[in-house]
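In what follows, chain A forms one complex with chain B and a second complex with chain C.
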Partner chain A sequence: MTGAARSKSRWGIDGRLVLLLGPALVLVAALFVYPFLYGVGVSLTPAQGREGIFSSYAAFFGDARERASIWNTLRIAIPVTLANLLVAVPLAYRMRRPLKGQRPISAVFVVPMTLGVVLVAQGMLTFFGPAGWFNKTLMAVGLVEEPLRLVHNYVGVLISLFIAEFPVVFLLLLGYASGIDPNLERAGRMLGAGAWQRFRRITLPLMMPGIAIAAALSFVATFAVFPSAVLVGEPAGSTRVIALAAWQAAYERFDYSMGSAIAITMAAIELAVVAAILFGRSRLYRGPSTGGKG
Partner chain B sequence: MERTTEKQSKISTERPEPLIGRLGIQGLTKSFGEKVALDGFGLEVEGGEFISLLGPSGCGKTTALNCLSGLLEPDGGDIELDGESIVRVAPEKRRFGMVFQNYALFPHLSIVRNVAFGLEMDGVGKAETGERVEEVLAMVRLEEHRDKYPAQLSGGQQQRVALARAVVTRPRIILMDEPLSNLDARLRLEMRTEIRRLHQTLGLTTIYVTHDQEEALSLSDRVVLMSDGAIRQVGPPKEVYAEPASAYAAGFLGYRNLLPVKVASVEGERATVSTESGVELSGTLRDDLAADDEAVAAIRPEDVGVLASDHKEPGSVPGTVELVEFLGRDSELNVKTSFGDVVARTDGDWSPGASVSLVFPPERLLVFPGEDR
Partner chain C sequence: MGERRRSISGGFSAWLIYATVALFVVLVGGVFLSVFLNSFASSWFGGWLPDGFTGKWYVFAVDEFGLGNVLLVTLIVALSVTGISLVVGVPAAYALARRDFRGKGLVLGLLVLPLLVPPITYGIPLATMLYEYQLAGTIFGVILANLAPALPFVVLIMTPFIEQIDPNLERAARMMGAPTLKVFTRVLLPLAVPGILAAGLLVLVRTVAMFELTFLTAGANTQTLVVALYYAAFSAGIRPGQSIDAMAVIYMATTLILLIAALRFVNPVNMVMRVKE
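Up next is the complex of A and B:
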């Protein structure tokens, strides 16, 4: 007893409890902090033929083709994230109360998550390809005369990432939406609010913190896109994303310094976007989404 | 609290003109699958009246309220407001106010914005909205909390915001769904006064759902006693309290002793009934009953006389005190008799094990038909 009392810090926490954090801290240090710092170190070590500690960064930003990879990635990550939110928010709102057939509907939304990007890409190549079912149907119906190009280009990557990221965004938002006290909307109705006003003034603000988190997760995941940019994209052109640029620098040109510089740049952009989203979120209402005592 | 007296002096004793003439509810029915929640609920409400729907949980009182609000569509029946059917009107168009059991305050809006919500939906101008919000906030004494958020307020304060939010739009009818049941005993009394005061000041036609007989009796102009989705008795609190219409109503209104008996003889209003153990008691008939009918004799604990066992009176029943609960002014005794336990309230000083003699005043022992519930 006295031992425990003595080891209490001034916050009233038993000092020994901090030890419980040990394994987690070791894991974080080994898997995240060390590789990150190592990467920073490598990126600041000039490769042969370059001088100055920032030379790898300078080389990356100085080359128009390399620099364009940032824009190529943003051009994918931002629309996919927005599209996911635009579809998932109304769906989650619609499904916030248990519906008939809730389980099969949820399953349809969630299955893509279990398939993995490569399998989805494989399926897309046949389904959305020039001779695939999708184009065949469109042509049979007479909507188009020639097959649409939906794979091996920018659109293909958008579709593939949308399919891959949607379940995460949807499930996260469904959790937020169904956690909102249904009496709040009833109260809104009794106060004269129509369906749109109830969504706009009650449910949406209470879902906003969840929307912010979903946006951050979706952005980070799509910004790091690699396999689908290669498999269903146009890796030599419009979908030469930043992860691909880093990989080519490191493993095709064996310029580890530049590869690391690109990876660190990528991390910096992700952190900046996530920080901006979380800062915005911190200014929102984030309290309970129930209207009083339960 | 110190401001209560100052504000209370502003209560007008005259009721303001009600906003509606009358509300007519006819034959409302509602089933959830097999379960009949509301079975021909009909009631006429005068403008400005305070009506309580009283009954145990599952009696249909909340279903009735939800049908009135429009949040629930009844299977059958009609609701007329000043002669116009509103049963198909959407809740957001009914211009009714509602106070929810869990308050249902918008957690992301400040108190002022919560209260202003309904006025904003009605398209009331900014200046007028501001004035009216301040006015009701003053009425419920929450001016100093105007910029706080619901989570920062206590339960009683949250309930006052809910009241303010519901009345600020001057609803044609205000519906309250057990608004005090989440509050502790002391706050409940305080809020009861608050609700009474608001009703007296604003004269809003109010339908109040509760399972607490004390709340219903103290607040209402008329009490509607419900069970199994139907109305059992309607009347002013005094009448309902003194003259319950059935053994069921009696049981719900504080007649805690309900003794199964058989009618022995009838003489005008008076009846002699015989308990299961053969003890004969004299009571007042509350329905047409004849000798040999199964009946229930009901009496309130406070009407049962408790005397020392050596003090014999005609018709007194011997018993043994089993439990004593001290209640402050008096005590509640559980007395074991030959026909079961009797609850009695007395200011006498008894301890468990004491032998007593119980007296049942005939005018306070009400005899109801037995099969009635």
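Up next is the complex of A and C:
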């Protein structure tokens, strides 16, 4: 706290600040903090037939089918996040320099954001289905004999999430990559660094904070997967994700305690992964990426 | 010279990008075109193209799914959420941009959390809570639930935007005797209009697309387009697939219009997160 701030009051809080910030904080407290704590409370209140405050958690972790939903979710969220980064990092790296058709290319990656989960799911069922254009083309070319099974299974969810999340990751990384001063690379070249060395030693480290944020956002979105796991996945089996498990407990079995316990577990796992990513980021280079003196 | 030409037009790496873009276009375009063609198909059994074309599924979707009501609900919810989150969020963003106070980190953390935590984790208890106050199933309940992530989103987008407005302008206005309210309405708001428009449109798009919270809190008559669409797709088989596709196309047209409007005000790069230049 600076001296200037302290001169208003000891904490830098006065009536005007409360007036400006108060309504927003009250709403967030009522609509997010309170429900979240309420959920924690419900999860610790044993449902009928169970005893002990952690019984709902014990019931969740004790049931192999329920427990498997954690693994099912991670098995989707981690590969999709990695695939997003693997494709988006090189693209964003190249597009930080002028490229013909920059605007239409950006547009191509933005438009899928409008499609919506259900349209993508419906389209995938047709396009990637056994009689869809994708399999038809593969068979016409002679690449496969039998149609590939790409929907109503694990692969279907991977594809649909990739389509949904790639634009976000790409745009975010493009923002970071284009914020890097090209003079840094020019300096590297002048000092004799090759293209790979410049990428590995200059640009990649400077992009790392952006990559960490993109990875966190992509993980957050894919870990919460729900509609696509039902519509293009195999919701009774390999893509019974944790969000679906929570929903089923609360609204199909009306076991709110268990539903809340699963939801809280889900939040805890997700926040732990995000914290790990952001902690890793905090250990990376954090200086300016805009070069020395301007 | 040669170096400069290469960096603008091409080289191997540029072709790699064009190839990736082409692949993405073929796959996503194929997915979209499948839905689009099918929504006009009289029937489509295994051929490369539908067996015939008709517009009747759009009429069917409007009648069968009560599309008029669904669109109205979507509009009311999206506009209310946008309006409320701007009115409450912009002053909060102003406070965070201009003031330093004890506990600011805590406040920021409190605002980031709803955007980070999966909506279903607080959506389930929130829905239970709304049931207790008999607000679940009402349009008011749906609006409240959607405010939970929308408001923090507005605050976090607007804070860096207001930070970059020169505080000297406000100081000058104040020195010339303008009262606080006038400084706000005559100096700050006009300068913040581009940011407010951008934030507003983004919240509008996000609210139209928000599935989980609306799904958990909506009743039969208060479904937004995305939730109605999910129920239609989930119970596929009861109704012809083409009518679901017709509705999906209507959904996409709605969000596309919003997105095009948004892109007029925002650089796509900043759609996701404002990056400090």
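Quick note on the criterion: the second predicted complex is superposed on the first by the 277 of 294 C-alpha atoms of A that agree within 3 Å, B and C clash if a C-alpha of one lies under 4 Å from a C-alpha of the other, contacts with A are read in each partner's own complex, and residues count from 1 in each chain.
In the analysis below, a residue touches a chain if its C-beta (ideal position, glycine included) is under 8 Å from a C-beta of that chain, and two chains touch if they have at least 3 such contacts.
The model shown is predicted, which means the values in this text are computed figures rather than measured ones.
Q: Mind working out whether A:V80 is in touch with chain B, chain C, both or neither, as first, second, both or neither?
A: Neither partner.
Q: What's your read, chain B or chain C touching more residues of chain A?
A: On the superposition, C touches more of the residues of chain A.
Q: Using the touch definition from the top, say if A:G188 reaches chain B (first), chain C (second), both or neither.
A: A:G188: touches chain B, not chain C.
Q: Using the touch definition up top, name the residues of chain B that touch chain A in the complex.
A: Within the complex, chain B contacts chain A at residues 69-71, 90-93, 95-98, 100, 102-108, 117-118, 121-122, 149-151, 155, 158-159, 162, 165-166, 169, 175, 182.
Q: Chain C touches which residues of chain A in the complex?
A: It is residues 1-2, 4-5, 10-13, 16-17, 19-21, 23-25, 27-29, 31-36, 38-39, 42, 87, 90-91, 94-95, 97-101, 105-124, 126-128, 131-134, 136, 163, 166, 168, 171-172, 174-176, 178-179, 210, 213, 217, 220, 223-224, 226-227, 230-231, 243, 246-247, 250, 256, 259-260, 263-264, 266-267, 270-271, 274 of chain A that touch chain C.
Q: Please output the residues of chain A touching chain B within their complex, sorted ascending.
A: Touching chain B from chain A are residues 181, 183-184, 186-194, 197, 201-202, 205-206, 285, 287-294.
Q: Once bound in the complex, which stretches of chain C touch chain A?
A: So the residues of chain C touching chain A come out as 7-10, 13-14, 16-18, 20-21, 24-25, 27-28, 30-35, 38, 45-46, 48, 88-89, 91-92, 94-96, 99-103, 107, 110-111, 113-114, 116-122, 124-126, 128-129, 144-145, 147-148, 151-152, 155, 180, 205, 209, 211-212, 226, 229-230, 232-234, 241, 244-245, 248-249, 251-252, 255-256, 258-259, 263, 268-273, 275-277.
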